[in-house]
Every structure is written in C-alpha cells, then in structure tokens.
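Have a look at these structures, which come just after this line.
Each of the next two complexes has subunit A plus one more chain, namely subunit B in the first and subunit C in the second.
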Partner chain A sequence: MDTNDSLRVASLWHLMHAISQQLSPTTGCSEIELLEADTFDLHIFQSLTGTKLFVVCEPGTQHMEALLKVIYELYTDYVLNNPFYETKIPIRCELFDINLTQAIQKDRVALLGR
Partner chain B sequence: MQFFGGSEISPSPPTPTTTTGNNAHMIYIFNRNGVCLLYREWNRPLHTLNPQQDHKLMFGLLFSLKSLASKMDPTSADKGNLGVPQLPGQGCSFHSFRTNTYKLSFMETPSGIKFILVTNPRTSDLRETLKYIYNLYVEYVAKNPLYTPGTPIRCGLFNTAVDQYVRSI
Partner chain C sequence: MIGTGKIKQYANVLDKPLGKGKQEVSLSAFAFLFSELVQYNQTQVDNISELETRLEDAGYAVGARVLELLCHRDKGNRRETRLLGILSFVHSTVWKVLFGKVADSLEKGTEHEDEYMISEKELLVNRFISIPKDMGTFHCGAFVAGIVKGVLENVGFPAVVTAHFVPVEGQQRPRTTILIKFAEEVLRREARLG
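Moving on, here comes the complex of A and B:
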C-alpha cells in the first residue's frame, strides 16, 4: 500500500468513524475499537488528543489493547519529545522504528512462546 | 461459508452464550441494490436520523467498510482500488465491528442479501446466528410465492420468527 492509498484509507476511515457514531442505538458512542474480517482483525486505539493507532493482526489475537498502549507510549517518547519533529509529517525516526520492532517481537514471543 | 448445507432450517439454532434475553438492539436486511427489506428494532433509545436516511447511511457504511477491508487485507496480493464495488464473496469481507456502545455483525449471502444485527458490545461471534436468520429468510420469504423480490418484507410469520429467535440470543 503506497502513500496515496494510505491517505485514501485514512480519510475513508474518518468518514466511517463519524457514520458509526451516528448509527449508534444508544448515546455515548465514542469510536470503533475493533473490526473483524475473514483474514485479519483491525484494532484501533484513539488517544485523548485524537491520534489514532491502527494494528492489523491475525484473527482472534488477544491483548492487542495492551500492545497499542505500549506503542502509544513509544510514540510519545520518541516522536513527540523529539524537538525536530513537526506534526503532520510522516515519522522518520530510527529509534522509534527500532523500539517498535522490538515491542512487537516481544509481544510475538510472549504470545507464541518462541 | 456454507450456505447450501440443507434445504430445511437447521434443526438446532446455536446455543445462546449470554444470559440476558435483551441482547439485540436492531436488525437490518438489505438487498444488493440497497433497498431495505427489513428493519426491526427492539431496544433503541437514541434515534439520530429519520428512517430513510438511517437506512441509506447504514448501507453506505457497509459498502465502504467492505471496500476498506478488502484493501487492507494483508493476505491477498492483488487489491482492487478503493470504491470499486466488490462482488459478494470476492476479496476479504469483514464480519463484525465493535464500538464501546454496540457491536454490529454483518453477513452477505452470495445473492447479495445483507444481514446486519446490532447488539450489545459483549456479544460473542454472531455468524452462526446470522446464518440461522438467513435460513428463516429462505423459508418464510424467498419461498413465499406472493413475495416480490426487491420489495420490503411484509410477512407476519417471518417477523414473529425473527423476534422470537433474537430474544433467545
């Protein structure tokens, strides 16, 4: 998926998020947390500032919320605290990438035991 | 997904997994052109829009979500462009999504009939439930000689059967 596609998916998601709130049968609907499809699950975490984190995983994976929170912490540590980072540009921070891969590996090891 | 396992209604509906009987909020059934064949609500405190807009919005939401799921599918090599209508069964389709106030379960049959069930968020996987409702649809609606395909369903027996079954989920 290239950058244009990512932008399209992001804007489509924003629209659907709004529609799903409109269609809620009760009040107080905040956001879509989980989308289950045939071959993947999509978990979403929204911070209080409106930043959304998406994780695509195997169907039925547990404990994705914890992983999302960990990734959010990494994001605040490496990206937002970076004085050279401007908002709304793609993230190009090596330390962030390294720690992100490590966190996912750790999660995979904990899950699969290898 | 096997739709043609038998011509009669499956003898035992899936056993209910939650204890409360008041689980489901509403059900929608659409055909492939977006006509809302059935809308029933059992527990809906909040009405944001009038029914016509509500149906259109629901159909549009499902169309976009299917398109998105097919695009984001990590397993398929060739993904169509966003916005291209997906045929039933082509590509990867989502089967449910959950927010903090509701869970929406979706099933599309090969003939393009879409079943949507909105329940409380703690419900487990409802794919078997939707298949059972599809069987009810086949028995009471599709096999009804007086029913014109593409028009809203006005069959008392079907409504009763659906109400009864959904209350037991």
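Moving on, here comes the complex of A and C:
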C-alpha cells in the first residue's frame, strides 16, 4: 500500500469511527476495538490523545492488544523524540522501522513457541 | 540545642557548597529537550553545516562548565598537562558524569600524528534520533563534539573536534566516532615535555 492509499483508508476509518460512536447499541461504548472479517481481523488501539493504531492480522490471533501497546511505546520513543519528524506526515524514521520489525518478529516467535 | 533542625540559609547562591549533584536525570526529558534544541536551530539556519556549528557551540558552553565542575569535584583542582592524561580524563570521567558510562574506546589515529578518536556504539544523544536520508552527513553528535571541544580548549589543548558515522559490517547502525585533531602548538609542547 503506498502512502496515498494509506491516507485514503485512514480517513475512511475516521469517518466510520465517528459514525459507530453514534450508532452503538450498548451505552457507554466509546470506540471500535476489533473488527472481525472472514480473512482478517483488524485490531485498534486508541491512545489518550486520540492517536489510533491499527493491526491487521490473521483471524483468531491472540494478544494483539499487548502488541499494540508495545508499538505505541515505540512510537512515542522513536517518532516523537525525533527532531526531524513533523506531525501529520507519513513516518519515515529508520529507528522506528527497525524496532517495529523486531517487535513483530519477537511476537511471532513467541506465538509459534506456544 | 541551638539551631537544631534548621537548614542554614545562604544569602548568596554562590556561597552554597557544591554537592554531589543529582546522579540521574530522566532520559525522556533530555530527549525532548535535545529534540527541541535541534528543531529550533533548524529554523534559524540555511544549511546543514551551519546547523552543526550551532549544535557545536551549544556543546562548547556545556563543556566549559563541566570542566570547571569536574576539576573541583573529582580531580582536587589538579591540572592535566599531558596529552594522554587529558584524553583519558575526557574518555572516562567526563563521559561517566555526562552519560553514565565510560566511552567505548579511545584510539590514536594511524594516518596523522595529531588525531585521536573516541568511539561509541551509539551516543546517548542520538538514541531516539533517525536522520532522514536527504540530510546526508549531518550528525547530532556535533553537540557531543562541542562538549569535548569545550573541555579541551579550556584546559589548554586547543583542538578541532568533529563527529562522524563509521559503518561497521555486521551491524545495521553505524558506530559514532568523535575525531579530535589537536593544534600544532599542543604537539610541539608535548614533544618538548618528552
């Protein structure tokens, strides 16, 4: 997916999120956390500041919330501390990418080991 | 009995005794502050070498003050006159106080007599920073180079100090080298001292 597609999909999601908040059948529900489809699962993590992190994975994968929290920590460490990152542009931080792939691989290894 | 439990108030802050100081400072706080320093300087300059110069100047001020403090606290006001002495002072004491550990290595340059290198796998100031590809050879370690320069120049060993990335095979991230090139008079004096 190139950057234009990601931006398009992200804005679509923002719209859906706003609509779902209004349509929720149960009271006290604030956001969509999990979207289950036939071929994939979509997990969402929303931080206190409103930043949303998405993970698309195989159906039935466990422990995605922990992974999302780890990714959020990496985001605050390597993206927000980077003086060359401006907000609202696509992230192009080398350290963030390296640590992100490491975290995902570690998670995959832990999953297969179980 | 007299004055028990009362802390002595100093009228002038200069009269207060120099304590050991806070041993630890939050890394995140420093990372944010340094990131803001770099961003602010980016708005003030037109090109990369000016940005490096500005960071170096900021580090120079830190180096001068750190030297005074350490001479008083750790060295008992003794002065270093030999080249190797001052280099090991920078490599161990200054690094320990600033970054919590001694530098990874200190080497003498093979090509020139007046070059020495302090190497570090990853500088603390660079820990969270990824340089974008279009910035080329810019190195935020210019700040640390400035600190070293401040220490050396104020102790009587004028030098030109720069920070470089040195690619290492087998490792994704290159190591950082602080290159110290001493002035002519330093080498002459060293030769005279024997």
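Just so we're on the same page, the second predicted complex is superposed on the first by the 112 of 114 C-alpha atoms of A that agree within 3 Å, B and C clash if a C-alpha of one lies under 4 Å from a C-alpha of the other, contacts with A are read in each partner's own complex, and residues count from 1 in each chain.
Keep this in mind: a contact is a pair of C-beta atoms (placed from the backbone, for glycine too) under 8 Å apart; a residue touches a chain by one contact, two chains touch by 3 or more.
Computed from a prediction, not measured in an experiment: that's the story for all the values here.
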item: Which superposed partner A:Tyr78 touches (first subunit B, second subunit C, both, neither); value: second
item: Which of subunit B and subunit C A:Val56 touches, first, second, both or neither; value: first
item: Greater residue coverage of subunit A in the superposed arrangement, subunit B or subunit C; value: B
item: Contacts of A:Glu36 with subunit B and subunit C, given as first, second, both or neither; value: first
item: Residues of subunit B touching subunit A in the complex; value: 25-26, 41, 43-46, 48-49, 54, 57-58, 60-61, 64-65, 67-69, 71-76, 79, 82, 92-102, 104, 118
item: Complex contact set, residues of subunit A against subunit C; value: 77-78, 81-84, 92-96, 98
item: Residues of subunit A that touch subunit B when the two form their complex; value: 1, 5, 8-9, 12-13, 15-16, 19-40, 42, 56
item: List of subunit C residues in touch with subunit A within their complex; value: 28, 31-32, 34-39, 42, 128-132, 135, 140, 172-173
